[in-house]
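Should a chain be cited, it is by its letter among A, B and C, assigned in written order, with residues numbered from 1 in that chain.
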Amino acid sequence: MQALKQFVRKPMGVIGAVMLLVVLLIAVFAPRLAPYDPQERVQVTPDDILAPPDAEHLLGRDDAGKDVLSQLIYGARVSLIVGFTASFMSMFIGTTVGLVAGYYGGRIGNGLMRLVDFLMVIPDLPLMLVIIAVMGRGLLNIILVIGLLGWTYTARLVRSQTLSIKERQFVLRARSIGAGGARIILRHILPQVLPLIIAQAVLDISVSILAESSLAFLGLGDPTLISWGMMLNFAFERAISRQAWWFLLPPGFAIVWISLSLILIGNTLDEIVNPRLRTHHLFDARRMVALAVGESAGRRVSEGGQDGPFGCA
Amino acid sequence: MERRDYLVRKLFFAFTTLVVVAVFNFLLFRILPGDPVRLIIHSPRMTREAQERIRATFGLDKPVWFDGERFQEGDILGAFDSQFTAYVRNLLRGDLGVSFATRQDVSELLAERAWRTVVLVLGGDVIAIFLGMTIGLIAAWRRGTPLDTGILLFGLFSWALPTFFLGIILLILARGHLPTGGMVTAGLKPEAGLLYWADVGEHLILPTITMGIVYTGEYILIMRSGVMEVLAEDYILTAKAKGLSTFRTLRDHALKNAMLPMVTMIALTFGYTVGGAIQVETVFSWPGIGRLMYEAVQKRDYPVLQGSFLLLAVSVVLANLLADLLYSVLDPRVKAE
Amino acid sequence: MALLDVRNLSVDYLTDEGAALHAVENVGFHLEEGGSLGIVGESGCGKTTVMMALLRLLPEEGRIVNGQVIFGGRDLLQYSEAEMRQVRWREMSMVFQGAMNALNPVRTVESQIVESLRLHITHDLRVARERTGELLELVGIPAQRGRQYPHQFSGGMRQRAIIAMALACAPSILIADEPTTALDVMIQAQILELLEHLQAELDLSLIMVTHDLGMVAETCDDVLVMYGGMVVEYASSDVVFNSPQHPYTQRLMEAFPDVEEPGSTLASIPGNPPRLDDLPPGCRFEPRCECQWREAICAQKTPPLVEVEPNHRVACHFARQRPGHVKGRIG
């Protein structure tokens, strides 16, 4: 796809992709990379609690005496799983709602959009917090809550795109030969909307990951798993007074790393898919007059690409 | 578009949303399996009086929605004597129940702490709006330059940075220089007047800065987008053709047009802002509603949780309504015919 | 001395890769005080680019690579941006093409006209407001409607308000770029009448850019015909309409329906205008030219603009040999 070619040209996107790749590799090869198994029970002495980094524990130990680095490595898995799953769910719901609301319009469309408006107004974190507090902590619950609440923005986006696409020629043609709604949506409209959806999905994954880490930090993470947010929860509760930076900082930086990678990719994709105005009227106009020096009047200026007094690139 | 119609529509929407939130709040704590309220009722920590009080307030001995039996007996009014009606009745009276942990009235608790969250959110948001809009404007104007790229990166970075983590970092950095927790130094009382408030102010610095940085980043991105669109419009070219300087064009034409969508966006992201307040209050132990929610989660203090959620949701709905009102006043296209 | 004298104006557009597209080459014309010039040609022939270049309002990728724009004895191309800001609107103003959004939708019409007055003429708010009222009345808009917003004006009214704004500082030259496109016929006529009326009353020099020949025939003294970024014919309106010498102009006149001869077919010129990245090395019209004198030299060498008779310039190798064209025959 030509979009890929465009992507490779943008440094921000490439950096993001590399960053993401690093995390993916770490997550996949976690058992190989982690020096210790975080699930394993360890015999600890009081000295081991919040021990600073040394040769055997590159990032020191946490409040239970366990190796921080290993937890950090395995934490990548949780973030990625939650991020991708929850995001997939919300993108799926959002796209479906958007397509239906946009294509069919009328009362269904309006009704769906009212629902979207409701959900958008209610504040996210308090709502998620309250639901999990009541339903109980667990990976599935977290994924459900994030996925079932995060689709509204996508729905709006897809709906407005659908509205404009549905008036286009090829759609009208399909309708005139009697193609049914679902068929039209799936075969004609969806492909057009897909690039937009993909760009949005990437950003959505980062939002999901951040949501999970916030919930985990506030004490609502899955107690059977180690996620970066949970590490920060423990670190904050128990390590902050001891200034145990090796436990406090790495999980946070890890979260920033993965979110940033996704955001860079997503932003770049967004720029490609949505070519927002590349220029506007208030640029520096000093280069506008680029008169050739020494050219006699009436003669055409030589081919472009030449350096010199014109300032042409 | 008629302004009156617009406002009526928005009011109606706000009202229905509030109703939905209230109903949802009720459902959450009653219908879900493992009804937490019932579990707590039987907790040995509860005194008899507290149990009775809770039972009465929540009407736990009554059916949830509707009493079929009493209806059949002809007792129409009595049929509606259910948990739900009790809930609505209490809600309208401002009775949000009683904290499981402190046995204090939830409404009292909220009222006590609300202003602290307001101060924090307002402080951080106002700074963020002002900075975000200015820097966003500059970035859009200087589109394509290294300055713009730098600003864009800052915005994207602050988006990737979890609010609570920024708080933690600032906490570590400021240790020894600024107070890092609580609202006021232990022992200081409001009676101490200015001394007290100055101390509060000192404790407010770090949390506000944290909020400020995160939301500045966000508003920068929004404003930058908006201004870029505005600057490509025809009337900007007209301004240029009239001989207006870049500065005056930005000030007299671009700014107002870019601010309109900004108002809407600030309202839309207010929910996110409130979420950030929860995180910041937790990290800095700032005793506002956010911190209250955090503690309520830990202590399984469901009435408090329910009450705070209601309060926050209502605030956000009202904030949106306010923004809609403001927008209708600012945008001349939404005027009385 | 002419009020405005443009010589050898050439404008390039830079592509993303840095190549230069020669959008306009060697365009020249002059404008007398109180005179009116019509610039005609197909879409994309460069007429708007020339106008934007005069006021230095080209888009970011535009470069003026050659020429002189002599106005009031000085070459505008030598002016700094700050000096241009004094010239814009005050000396020369422009009504842009298709500019339904040329007025800021969140400010009153009045405030925007007042703005130009306070920038160039007077600081006094009251004086500016009064003058704005007069200007609006001049274009047929009741003064008190100035307090309204652009969306409350009809399309025609908006265009008239824009004209009023363009005339606020009493410039010597008004450039009207397709002033009536997207307006319905009745309004078109009104706007044209207005322009003529204003021209007479304010002793205004007018440059009208359009592809509507009828408009030009009615209002312009001289006509500049452009094709593919270059001038192909430049003469008085009379001459261009009745005895054009360039094959392109001749075809244009053919395509121009004659109300007096109903029943004649509506002719159009087959083919497409040249692409800027694929310009013919010789005469730019050559690929579409059906003239009987067409020869090899046409495709090899760009014909210079030559004065075939006093005040009649044509850019064709065979201009002098061609007898004056009478409508109905190409020759």
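For this structure, a couple of remarks:
Quick note on the criterion: a residue touches a chain if its C-beta (ideal position, glycine included) is under 8 Å from a C-beta of that chain, and two chains touch if they have at least 3 such contacts.
Values in this document were obtained by computation on a predicted structure and should not be read as measured data.
Taking the mean of each chain's C-alpha atoms, the chain closest to the overall C-alpha centroid is A. Of the two chain pairs considered here, A-C and A-B, the higher C-beta contact count falls to A-B.
Inter-chain centre distance (chain B to chain C, centres taken as mean C-alpha positions): 56 Å. Taking each chain's centre as the average of its CA atoms, chain A and chain C sit 50 Å apart. Rounded to a whole number, the gap between the C-alpha centres of chain A and chain B is 23 angstrom.
Residue positions 279, 283 of chain A each touch two or more of the other chains.
The multi-chain contact residues of chain C, meaning those touching 2 or more other chains, do not exist; every residue touches at most one other chain.
Taken residue by residue, chain B touches two or more other chains at 237, 240, whereas all remaining positions touch fewer.
Looking at the complex, you find that chain C touches chain A at residues 7-8, 10, 12, 14, 18-22, 25-26, 56, 58-68, 77, 81, 304.
Partner chain B is touched in their complex by these residues of chain A: 12, 114, 117-118, 120-127, 129-131, 133-136, 206, 210, 213-214, 217-220, 229, 232, 236, 240, 243, 245, 248-249, 252, 255-256, 259-260, 262-264, 267, 276-283. Only residues 233-235, 237-245, 252-253, 256-257, 260, 330-333, 335 of chain B touch chain C when the two sit together in their complex.
Listed in rising order, the residues of chain C touching chain B in the complex are 55, 57, 84-90, 93-94, 96, 99-108, 115-116, 119-120, 149, 151.
The part of chain A that touches chain C in the complex is made up of residues 279, 283, 285-292, 295, 297-298, 300-301, 303-305, 310-313.
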